[in-house]
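Look for subunit A in each of the two complexes below; its partner is subunit B in the first and subunit C in the second.
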Partner chain A sequence: MNDPLDLHLQELRRGTVVLSCLQLLRTPGYGYGLLEDLERHGFATDANTLYPLLRRLEKQEFLTSEWNTEETRPRKFYRTSAEGERLADILTTEWNALTGAIRSLTDPHPVTDEEN
Partner chain B sequence: MHSTLTSRYIDATARSLPAALEQDVREELAASIADAVEARIAQGEDRGTAERAALTELGDPSALAAGYADRSLHLIGPRHYLTWLRLLRTLLLIVPPIAMLGAGVAHAITGASVGEAIGESIAVGLSVIVHLCFWVTLVFVILERTGAETGTTWDVDQLPEERSTGTGRTDVLASLALVAIMLGALAWDLVRGLAVIDGSTVQVLHPDLWPGWTLALAALLLLEAGLAIAIFAQGRWSTTAAIVNTALAVAFVSWALTLLGRGQLLNPELLGSAQASGVDAGTMRILGTILVVSIVGCSAWDAIDGWLKTARDRRR
Partner chain C sequence: MNDPLDLHLQELRRGTVVLSCLQLLRTPGYGYGLLEDLERHGFATDANTLYPLLRRLEKQEFLTSEWNTEETRPRKFYRTSAEGERLADILTTEWNALTGAIRSLTDPHPVTDEEN
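Presenting the complex of A and B:
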């Protein structure tokens, strides 16, 4: 767990959970369902990281929430707010820029700015 | 419907949360755990195993609660740690020695025995150290929890000066000059006397010290000079040098304290004349205490200084 390799991987993945939650929750979702969706998309996340994170994003008004009591088990549904969508767009742009920047590190032909 | 493990887990998590958050977290967590358990049961686990596995995956409820409440899981975080460390280190270097010295001197002056004075000063020193560590840390923990700033930021002017470690030419010359002056004073005192009483000179040190004790002191001083030269030649302090330095300091302290304890250090004629001119016994006692503290203090510092320089040179 505290292997330097794992630590570096963890460090790199840290911010991606926020971005993937904001993107996935453009359609409303609840805690455990979101956990499974994230896993399916390749963002393995611990439940004890995700649940508090959802609350934090809600407090920061990037997510809104609503209790759905229509089904047998009442669940709290989260949804990305307008502000959250803006954040998701900014983060996605940043991610793409980083992808280009990282490629340029090893690319023999330097990337031009319009490619980013 | 909840079996006890799940309700105990939810209780342990939600209990410490603010009231506004608690009920909502309870209900959401109950649903999340139930979902996780059901998913495991659907994969063929029995209810008991599934429940245990789901709760184990969620981990320590206190950590989860800290996540919900946005609480930090450390006492003092990186924002305040260095300020805390610097402040505590500075205070620990200054306050306990002063308190110990003060307590020791106060007890010696008010008539306690040497043993009592030392014991009392150690007790005071320990309690000062404990109090310093506790209160300083408590203040920083509160700062950390309230999110306050200490207002201290680092700038380049705080870079430490490059310190001389006492291996340069100036240091060896200063040591040799000091030893020469001491030897000169010792010889002069022996032959002519350094103190003046009623127009005639008398010895400061006890006349009976010659030859054995006086020569022993001279030998110590010469060894001190030899050590300074050896360190200069080597260009750095070594463990051996620090040990020899400490041994010389200890030897000097025992030389001085043995003689002082036996009343054989200072010339009785000088003390008699001092008493005759109105210095009472209480004042003599205080002067004696100050003399002992200075001898022990200077020698202890000399020994510690040697070790500090050794440690510093080792890092170069």
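Presenting the complex of A and C:
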């Protein structure tokens, strides 16, 4: 679990859970359903990571929440706010830029710089 | 600096600096030259982040180092180890998988699951 290789993998994945929650919660959802959706889309996470993250994103106003009291046991559902949609767009743009930067590292035609 | 948006961006970028160092140091290099190369390839970092990271990667045996004593002021140069090349390959594969997962979030054709 504390194998350095695993820690580097976790570090690479960490920011993607925020992005995936913001994208999926453009359609309002419960924590548990979101956990299943994330897994289905290939994001490995667990309730102990996800639920505090949802509360943090709500506190930061990237998510809004409401209680559904129509059932016997009230459940909280979350939705991405306008500010959260903006963050999702910014993170997606950054991801694409990083993907380009990573490709350039192993590209046989190096980046053109002022020396050329 | 502690704006939540910036923190989420930093979190998304964090793991990529490890990957980019491992890829660039397949060709041995000094810390300072690496800092310039990273910037040229689009990875924003600074010496205060990079130098401790290089020492940590060396301790974890993903990098090896040697002192160049041919100059007046000895300088340490780093090189990616065989284990580091393996980690770079694993992180690249993970990055590509995450890119696919992120695309699937906004894909109009949703992931096929058992309900279909």
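Simple rule for what comes next: the second predicted complex is superposed on the first by the 106 of 116 C-alpha atoms of A that agree within 3 Å, B and C clash if a C-alpha of one lies under 4 Å from a C-alpha of the other, contacts with A are read in each partner's own complex, and residues count from 1 in each chain.
What we mean here is this: a residue touches a chain if its C-beta (ideal position, glycine included) is under 8 Å from a C-beta of that chain, and two chains touch if they have at least 3 such contacts.
The model shown is predicted, which means the values in this text are computed figures rather than measured ones.
Once chain A of one complex is fitted onto chain A of the other, the partner contacts of A:G33 are limited to subunit B, with no touch recorded for subunit C. Using the contact criterion defined above for the overlaid structures, shared-chain residue A:P4 touches subunit C, although it does not reach subunit B. Using the contact criterion defined above for the overlaid structures, shared-chain residue A:D46 touches subunit B, although it does not reach subunit C. By the document's definition of touching, of the two partners only subunit B reaches A:K76; subunit C does not. Between subunit B and subunit C, C touches the greater number of residues of subunit A. Shared interface residues of subunit A (contacting subunit B in one complex, subunit C in the other): none. Residue ranges on subunit A touching subunit B, taken from their complex, read 30-33, 36, 46-49, 51-53, 55-56, 67, 73-76. Of all residues in subunit C, those touching subunit A in their complex are 4-5, 8-9, 11-16, 18-20, 23-24, 40-43, 60, 62, 87, 90-92, 94-95, 97-102, 104-106, 111, 113. Here subunit B touches subunit A in the complex through residues 21, 24-25, 27-29, 31-32, 34-36, 39, 57-59, 63-64, 67-68, 70, going by the rule given at the top.
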